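Structures are listed in the sections that come next.
Both complexes below contain subunit A, partnered by subunit B and then by subunit C.
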Partner chain A sequence: MEIYLILMLVLMILGSIYSLHAKDLLSAVISYGIVGFALVIAFLLLQAPDLAIVQVVVEIITLIIMIAVIKDSTSEELKSKFNPKFYIYFAVVAIFAILFFYIFDRVTGTLSQFGEHFTRMATAYIEGSQETGSANLVTGVIFDFRAYDTLGEATVLFTAVIGVLTILRIKGKKKEK
Partner chain B sequence: MIVYILCFILFIVGLYGVVTKRNLIKIIIGLAIMEYSVNLFLILIGYVNNGTAPILPVPDALKNKPFVDPLPQAMILTAIVIGLATTALLLSIAIRLYRKYGTFDIRKINSLKG
Partner chain C sequence: MKGMTIIVKKITQIMAPIIFLFGIYIIVHGHLTPGGGFAGGVIMAGAFILLILSDGSILSSLRKEESGLEFLESAAIMGFLIIAGIGLLISGTSVFFINFLEKGTVGKLISAGVIPIENIVVGAEVCAAVSTIFIALVVFKDEVSK
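The block that comes next holds the complex of A and B.
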């Protein structure tokens, strides 16, 4: 099982590298789709069917919005002369990569190995799953034990929708004569 | 352990895209890739060997059987939907900037005048 997961992760890395280096913005968006759909398969391999369904829907909507933006503007990548500042940017990325890797190494040292997780915090949710009456433990946690989180999520979603509508409004205020 | 490291490499690729690219659409793609890698990392932590999905068709169906942790899955389900909302907001800002300046180049979008 783990070998398929490694395969999917390598596919995601290759797709993201190609997506960032593509000459055409449309092909960049399509290879970004590779990353998202490989993530769906990774979720299925990790026994998370709810997440896989949500990720499929989210990925398709994101691709539709991105393609709509590109059709409405231009799909040409900027002409890139070689920029001497590129070395500075690359050094910044390298420094942050080393810093993050140090923290990552310290943190994963305290975690258990892959696949040997021991449920500590979720034990109460699992034991109380009979009270929710839900067959699916994930939806039991979302809509029963942590329902206020879901309420907050809905608030964030509606705020983002209001923001998008405000930004995309064509007509401004009428000027007073 | 190699799975964690590959997930980390994916995060660094997204960071590279955000820092070095000049095109707004590429920057948004880089941000989305970073978000995906963080989501995947948290799900990877909650995995149990030979575990099944946390779904109980009948009560006590999973007694003494390994199953994956439902708590990270519930949290990430929220995070994925919020990620969609932020990406849509970023893309709408990008299209407004394109209408005003006629380019996606962030160096030419430098005037803060209203």
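The block that comes next holds the complex of A and C.
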């Protein structure tokens, strides 16, 4: 099973590298879809069907919207000239990357052993899930122990819809004049 | 937005109700089988999107659907908060989001207290939100290209 998981991870990395370097934006979006669908299979291999269902449906809808956008605008990537400040930017990025990895290394040294923390939380959830009365453990957790998370998720979605409506309405009105 | 050919239209009209029913099944059985409010809501929105893409639509009817979906979304998130607030008021412990109904036997369709109700409310919210975003994009495109 682990071999299949590694295969999926390699496929995801290849898909994202190709989508960065593709000349055509349509093929970039489609190869980015490889990442999402390989993630679905990875979730199924890791025995998380709840996440797999959500991932496959959301991936399909986002792909439809992205392809519709590319079909209506342009599928050619904008060409940019070579920037003389490229080396300065590269140096800044390199310094920040080294700094980031150094701090990451320092911080992870102070944490408890990998996996220990997770098991402590998961054991509490699994033992408490008998009291929620839900046969599906994931639903029992997200609607009982972590109902605030669900409320936050619903609020984020609500805010996203309001933002989309606000932006699209303003632009539509301006074009009409 | 223009529709597709008659073959695509007819097959979509057969498939879309089945997809919609599957979404309802996923939501209602959220506390028994994998899935739940979020997954089922997105599947239901997928049925709407399929119908709009294949059949095409008129701008005025889209605007009506959009305002209705906005109302549904606001009402659903309000209902979610109301369920949480009822738990706060009714139960003696005054805990937000407490499960104040009877749990019943594990594995039955009507069990787990308020979890199925919360699943349905979240499903309605997600379905309305995703389809509103899609319909808003279609309306924007129709308005600009006019």
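What we mean here is this: the second predicted complex is superposed on the first by the 130 of 177 C-alpha atoms of A that agree within 3 Å, B and C clash if a C-alpha of one lies under 4 Å from a C-alpha of the other, contacts with A are read in each partner's own complex, and residues count from 1 in each chain.
In the analysis below, contacts are C-beta pairs under 8 Å (C-beta built on N, C-alpha and C of every residue); 3 or more make two chains touch, one makes a residue touch a chain.
Please read all numbers here as calculations on a predicted model, not as lab measurements.
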Mind working out whether A:151 is in touch with subunit B, subunit C, both or neither, as first, second, both or neither?
second
Give one of first, second, both or neither to describe whether A:164 is in contact with subunit B, with subunit C, with both, or with none.
both
Give one of first, second, both or neither to describe whether A:13 is in contact with subunit B, with subunit C, with both, or with none.
first
Of subunit B and subunit C, the chain that contacts the larger number of subunit A residues
B
Examine A:28 and indicate which partner it touches, taking first as subunit B and second as subunit C; both and neither are also allowed.
first
Does the superposition put A:72 against subunit B (first), subunit C (second), both, or neither?
both
Tell me which partner A:61 touches in the superposition: subunit B (first), subunit C (second), both or neither.
both
Looking at the overlay, does A:132 come into contact with subunit B only (first), subunit C only (second), both, or neither?
second
Check the residue A:108 against both partner chains and state whether it touches subunit B (first), subunit C (second), both, or neither.
first
Should A:50 be classified as contacting the first partner (subunit B), the second (subunit C), both, or neither?
both
Both subunit B and subunit C touch subunit A at residues 49-50, 54, 58, 61, 65, 72, 130, 135-136, 138, 140, 142, 150, 153, 157, 160-161, 164, 168
Subunit A residues touching subunit C in their complex are 49-50, 53-54, 57-58, 60-61, 64-65, 68, 72, 130-136, 138-140, 142-144, 147-148, 150-151, 153-155, 157-158, 160-161, 164-165, 168, 171-172, 175-176
Tell me, which parts of subunit B touch subunit A in their complex?
1-4, 6-17, 19-23, 25-26, 28-30, 32-33, 36, 39-40, 43-49, 51-57, 59, 67-71, 73-78, 80-89, 91-96, 98, 103-105
Which positions of subunit C touch subunit A when the two form their complex?
26, 30-36, 38-39, 42-43, 45-46, 49, 53, 70, 73-74, 77, 80-81, 84, 96-97, 99, 103-104, 106-107, 111-115, 118-119, 122, 125-126, 129-130, 132-134, 136-137, 139-141, 143-144
Residues of subunit A defined as touching subunit B within the complex
2, 5-6, 9-10, 12-13, 16-17, 19-20, 25, 28-29, 32, 35-36, 39, 42-43, 46-51, 54-55, 58, 61-62, 65-66, 69-70, 72-74, 77-78, 80, 86, 89-90, 92-93, 96-97, 100-101, 104, 108, 111, 113-117, 119, 121-122, 125-126, 129-130, 135-138, 140-142, 146, 149-150, 153, 156-157, 160-161, 163-164, 167-168
